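Here the structure comes first, spelled out in structure tokens, and everything after it is commentary.
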Amino acid sequence: MVVKVQAEDFDVGEELAALTEGNWAIGGMSSFVGLVRDLGGANALKAMTLEHYPGMTEKMLRAIEAEANERWPLEASLIVHRYGRLEPGDRIVLVATASAHRQAAFDSCAFLIDWLKTKAPFWKLEETDNLGERWVEAKQSDDQAADRWNRHDREAAE
Amino acid sequence: MVVKVQAEDFDVGEELAALTEGNWAIGGMSSFVGLVRDLGGANALKAMTLEHYPGMTEKMLRAIEAEANERWPLEASLIVHRYGRLEPGDRIVLVATASAHRQAAFDSCAFLIDWLKTKAPFWKLEETDNLGERWVEAKQSDDQAADRWNRHDREAAE
Amino acid sequence: MKILYFAWLRQKTGIDSENVVVPEDVSDVASLIEWLKERNEKFADALSDFGSIRVAVNQEFAELNAPVGQGDEVAIFPPMTGG
Amino acid sequence: MKILYFAWLRQKTGIDSENVVVPEDVSDVASLIEWLKERNEKFADALSDFGSIRVAVNQEFAELNAPVGQGDEVAIFPPMTGG
């Protein structure tokens, strides 16, 4: 279980190689990289600044990674999340999980990224030419994606 | 859309970086790496040799990648599959998909790997100390995982 | 009590972090926010809508009825947008 | 007709690739397999169970009733285990 909260960029290849290195019980590793997107047009993005809550961020990322490790039989897991000023195409976040079985790797990786979207104390400030600075609003679709994982629990319990 | 069928190992970081490089419409990239697993014990694995059907393999991988691109709004996709003799911990396959939206990236990546398990013309020969050489048998659970994607179609059509 | 403000709550209040002595009748998150709103116009504006703010007490998410006291670290921020 | 064998079908028949002239009554996958089984013991054994073999004609998966002819490339193999 690794958690990194940092301003610098990360090397996806190095991070993923370190995750599986020497562990022959791993059959599959699932990973997700979130990037600063710019769809262009009238509101072309100049930059996105990520603010976070130092201390709480690390604590919560460690807690959710521990929960993923309780829910699925993981051999290794990793969350790297950047903060600070980023530009279009820059990497924001890397989540990776490895397991003997591919489905556990896939599901736990999706669980972690859904969770990060709604429960990690990060806030995004977008800078665009036309609209100036604007705080990104939380999306209902992200809450619904995160809630999926609770529903699974409830269904299993019924 | 990139398909590579090769004996040599691949560099995950390089492959993934090339996939998203310069495309600012990408918000998320999902990837999966399959590795040669050895759970140890009495049947500890010495090696796994992958045989494939040159020509048909590339053709089918291109076809399934095209189908993923029809089903989901992908900005980029990649399949790298090795053949030949591999040892525990070696990488076998890399699948990666990138989209403006994370759910499209996740689902299409899962679709491709489920498909590869059952429909790509590869066969695995395991060498163990105790049992000698043994062809890996197709798993019913893999067929069911691949069939999920057909069910989704049927449900959507009903 | 240490209070932290993030994102547009930091911008609207003009404060990122402060140490305050709260009156005795400030006993939970709701009464703390009511007290902060009475400080000045900026706070009244920033904290006007309970629905758009989230609170953590000692780095754990907290509801409006969660107790707060003099030694606590309280953070006030909008809904998170990580990942 | 070019016929390819993979995995344990290659091992059991002892052949990875061959060019054969098939009789005229071999018109589909099923009749091709029946004809191959009559060649010798190895083929009879390798092809004894339809359920454990898969066939591709010109690099497309094919059912037992799929037509085959002199110019085709036919591959015979066990269920795939890629990924």
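Letters A, B, C and D mark the chains in the order given here, with residues in each chain numbered from 1 onward.
The definition used in the following text is that a contact is a pair of C-beta atoms (placed from the backbone, for glycine too) under 8 Å apart; a residue touches a chain by one contact, two chains touch by 3 or more.
Quick caveat: nothing in here was measured; it's all calculated off a predicted structure.
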Other chains in touch with both chain A and chain D
B
Using mean CA coordinates as chain centres, what's the gap between chain B and chain C in Å?
48
Distance-wise, how many Å sit between the C-alpha centres of chain B and chain D, to the nearest whole number?
26
Centroid from C-alpha atoms only, then distance chain A to chain B, rounded to Å. What do you get?
22
Taking each residue of chain D in turn, which ones touch at least two of the other chains?
83
Note the residues in chain B that touch 2 or more other chains, in rising order.
34, 102, 113
In contact (per the touch rule at the top): chain pairs
A-B, A-C, B-D
Complex contacts: residues of chain D adjacent to chain B:
4, 6-8, 10, 56, 59, 61, 75, 77-83
Which residues, counting only chain B, touch chain D once they are in their complex?
34, 50-53, 55-56, 59-60, 81, 92-93, 113, 116-125, 135-139, 142
Complex interface listing, chain A residues touching chain B:
11-14, 16-17, 20, 22-40, 88-89, 100, 102-103, 105-106, 109-110, 113, 145
